[in-house]
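Listed next: structures, encoded as structure tokens.
One chain, chain A, appears in both complexes that follow, with chain B as partner in the first and chain C in the second.
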Partner chain A sequence: MWLTSKIKQVLMVMKPGVVTLNYPEQPAPAPKNFRGAPVWDHHKCIGCGGCSDHCPSRCILTRDVCQELRVMLYDGSRCTYCGRCADICPEDAITMSNSFQMACENKEDITTRLELFMMTCQRCGRCYEMENTNSIDRIDLKGFRYDNLEQRAMIRKTTENFSLEVLAETEHYERPSK
Partner chain B sequence: MLKNLCKKAFAKSIWVYHCNTGACNGCDIEILNILTPFYDVERFGIKLVASPRHADAMLISGAVTRPTLPLVKRAYDAIPDPKLVFAIGSCATGGGAWFDTYNVTGGADKVIPVNYYIPGCPPRPESILYGVALALGLVEKEVAPVELKQMEFPIDMYERNEAWEKRNVIYELVK
Partner chain C sequence: MRKELEAKLKAELQDDVVCVEKSDERTIMVDVKREAVRKTSKMVTDINGRYLCSIGYDNIDRDGTIGLVHTYSVDDADRFICVRTSAPESDPTIESITPDLPSAGWSEREYMDLLGLKFPNHPKPKKLIVADDWPAGIYPMRKNVPHDLVPPGAEDVAYQLDEAPPGTKIVPIGPFHPSLHEPEHFAVYVDGETIKGCDYRGFMTHRGIEKLCQTQVSYNEVPFIAERICGICGSVHATAFSQAVESAGGIQIPRRAEFIRTLMLEVERIHSNLLWLGVAGHLIGFDTVFMQAWRVREQIMWLCERLTGNRKTYGMILIGGVRKDITPEIADDIRKVIDKVEEELMVIHRAIEKDTSIHKRTKGVGTITKEEAIAWGLVGPVARARGVDIDARRDHPYAAYDEVKFEVPVLTDCDVWSTLVIRVIETFEAIKIIRQCLDKMPGGEYFVELKDKIPPLRHAITAIEAPRGESIHYVITGEENRPERWRVRAPTYPNLQAVPLMLLNEQFGDFPIIMGSIDPCFSCTDRVAVIDLKSGKSSSMTKAELERLSRKTPERA
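Moving on, here comes the complex of A and B:
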């Protein structure tokens, strides 16, 4: 009786065969909808900082080194791979790649540093118009890339209700002295 | 250097001790997943043990919370030398979304020295296998720090005056 049960067991085990994945010897690519490490395209990026606004773990940092140079730092050590940066990016500069083999000895190995040349607003001297006080409206903003000729022409006209008369009146405005 | 040292020190089977330091159980499920027949980590002689005194390596998952902080230190001290520490998941590598919260230390490397980081939220079982294989010297490291720069230098110092004039022409057209 015990022999028949053992034979039955052997047959049951033989039916599925070997299921073990021979992983480190043979590659095992991730499925297509897998969100791996985000990859930046620095040709497309306009440096709007939307990704750093929306990162839940605040792992994308925006640093303005000087007036015309913006540095975006991605610290992959605390990234949760949620893909919100890729969703929010207006220019589709961020794509979630398929790579997952990111084990490392040093945390610096999973960082990305992006240096962008920015153009500043001729009126306020900032990289962006900040006159829209509504933070929801600010999401729609696009930065002013220096080589973008269309926006270069319109760069001074920062808001819809901007009028040249008001600018001419207030350009040399000074606070009244006593 | 670490790889050579690993090969000498851990020539035989590595027994790992799994330490949950306040994780959400996502990483823990993936760690248990690599012990299943499909990923079968016992091919490399890796075995999960219950006591840190039997272990060679420590798998830490979760950002180290304040209540677990002394316990993690004690568990680390209980492992006999030489020892390896793997930080598994985003929380253990850098603190995850809670890296600056009041009762979280923000990463295992702020408490104990960590040898290998395996990021991911949670990391795939293959990812953990890759990290272990990296420690054993079976595979090469793939990641490196990326630095991207715009190649064209747009601040045209020589044509700047000309650009200013062109810009002013456009403004007069707008008027």
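Moving on, here comes the complex of A and C:
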């Protein structure tokens, strides 16, 4: 019994042979609908902030610098590549690319920063609200947003009109510590 | 069932029963006053209720009470019974049910830590979840505690391990140990080579996912976070959460989405069972099985990459359906891969089924009887290897499991070997289910959009058969587009509680495989215990001492 099992095991190992790939010398491309690093198309982005609202890892931040200028920042170091942002985007400005070799020395290399000139829809995120018909996916932080880009922290506080006081408050945001 | 239960409870407990109602077609909610909890629990277990877990929730803002729900499953009648009670914040005392149901021990200890509930007759009221130096009086699951609170640490606090039985020595295993794949700490009491007992301290890499999801994100982000509860059965948790919310909100999802969910769960079962088979082989030093099982498994991982866009954490499931459709090309791809996997797994199965070296290491190891397995509420393959015939897929059919045919293997050898056999058989069953899913899958939509908000304060429970056992998710819907309370009970939770019993009177060398046989999945850590060999006493090192010790070596060199 013991011997026949061992013979079977030898055959089991011999048949497939070596299966490991010679990576990275021999590149292993990702399949077609792979969810790799998200890529922003700044021509299409309307700055509604929907992606930042629905990012499970909170790595897309929205900060209004003034009435007309909104900064969207994607921090790739925290991204889980779930592709939720690409799903939610009403303008299809986000696509999940095929790139997966994302290790780098500098965090900034995998950070995307968009500076958008805003027209009317910054007031309430209405463009997004109009597009999205699923009631549990509606935007929940409407109006002006003040996430802290330095600390990479999302701040759940918004205002109807641009407020310098709130901006000043959130600029000094610090992460909780002991 | 509801009427009989109500009549019985009313006759026995009179005014202590507040109400007995049906919240959906398989859940019965029983509201009782806190004095009657233990009696109600006994009555529910008398009608074949199998204890699942308890859920504590903070209701202080609404009526000044802390709620506690004990949940039971009546497997032969496809019912869940939830016994709901509450205690005022000023006197949060509820009678413990642990003396009757040992598997309730952890759930109750959890809410002592997280909500400040008190169970005066609990047999082992020790800390379970929070760190040893967590300040007293801060209960993290209460609403007034922010999710990102970081209290200052303390140096001189250590968990007191159970007293070692006389004549035994303590062998500390963990927090980091070659045979453990995640950090946790066991103090194993040995007499020579024979294990005489064991104490466990874990939960220290507790990530607070439940709190995070109750305070920060909205409904449809939770499935993605739920998926990351476990690196192996991610889809299970996402599906369980979505189903619980759908059940609470009365949402009907398209039939096609249910079939795709079933398909994903079964694909996950194949990969998980192969992974476990490899790990089990590795733990008994049989690395051929490890290499070959993982080689076969790799095809499933690549399949998932093509199917969902990622090897693991598929991100397929949302409330209301699934994110990606299964096109005819993908269906062909799946068929091809599972045919290959079936063939290759059969080769592995034939090569190891009669191997005496595996038999010697696994047969008669980790035995506990069927009665003990029922008493401790074991779930999954571990329970089925001990003759307990439970499977949530058959007993509480969800998704498309009511339409597919499959066998539930049950063995009565009560040891690690039968667990192994069951998991191999289940992999073949999973392949069968996938084929049926692909054949029977109806057309149409695979996602439904919600027109209305999900109504708040509805309770729902759902059970999903993960590869390693039954996962229970309990959701209370909230007002701010996110769950008010979300409780996850992973299958390791009840199985791990019975490990000391499985280890009893076994050889110390079998510890890794017995531990591994439940396919543990935990996040935990402890301090380093220093054992004084003469007295058998254990003490703990402080962080400063450890740092000093670790710095000494380089200085000497």
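Basically, the second predicted complex is superposed on the first by the 101 of 178 C-alpha atoms of A that agree within 3 Å, B and C clash if a C-alpha of one lies under 4 Å from a C-alpha of the other, contacts with A are read in each partner's own complex, and residues count from 1 in each chain.
Note that contacts are C-beta pairs under 8 Å (C-beta built on N, C-alpha and C of every residue); 3 or more make two chains touch, one makes a residue touch a chain.
Note that the structure is a prediction, hence the values are computed from the model and not measured.
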Which of the two partners, first being chain B and second being chain C, lies in contact with A:M96: first, second, both, or neither? second
Check the residue A:P56 against both partner chains and state whether it touches chain B (first), chain C (second), both, or neither. both
Based on the superposed arrangement, let me know which partner A:K107 touches: chain B (first), chain C (second), both, or neither? first
Regarding the shared-chain residue A:N33, is it in contact with chain B (first), chain C (second), both, or neither? second
Of the two partner chains, chain B (first) and chain C (second), which one does A:F117 touch, if any: first, second, both, or neither? first
Is A:A168 in contact with chain B, with chain C, with both, or with neither (first, second, both, neither)? neither
Report for A:T80: first if it touches chain B alone, second if chain C alone, otherwise both or neither. both
Chain B versus chain C as contact partner of A:M14, first or second or both or neither: neither
After the superposition on A, what does A:V65 contact: first (chain B), second (chain C), both or neither? neither
Contact residues common to both interfaces of chain A (with chain B and with chain C): 19, 30, 34, 56, 58, 80-82, 156
Under the touch definition given earlier, write down the residues of chain B that touch chain A in their complex. 2, 37-40, 43, 90-91, 93-97, 99, 107, 109, 115-121, 123-124, 126-127, 129-131, 133-134, 138-139, 141-150, 152-155, 167, 170-171, 174-175
Which residues of chain A touch chain B once you look at their complex with the stated criterion? 19-21, 23-24, 28, 30, 34, 37, 40, 42-43, 56-59, 68, 75-82, 99-117, 119, 146-147, 152-153, 156-157, 164
Within the complex, which stretch of chain A touches chain C? 1-2, 4-6, 8-9, 11-13, 15-16, 19, 30-35, 53-56, 58, 80-84, 87, 96, 133-138, 140, 156, 175-178
For the complex, which residues does chain C have touching chain A? 146, 148-153, 216-221, 224-225, 228, 288, 291-292, 295, 298, 302, 305-306, 308-310, 313, 315, 319-320, 323-324, 347-348, 350-352, 354-357, 449-454, 480-481
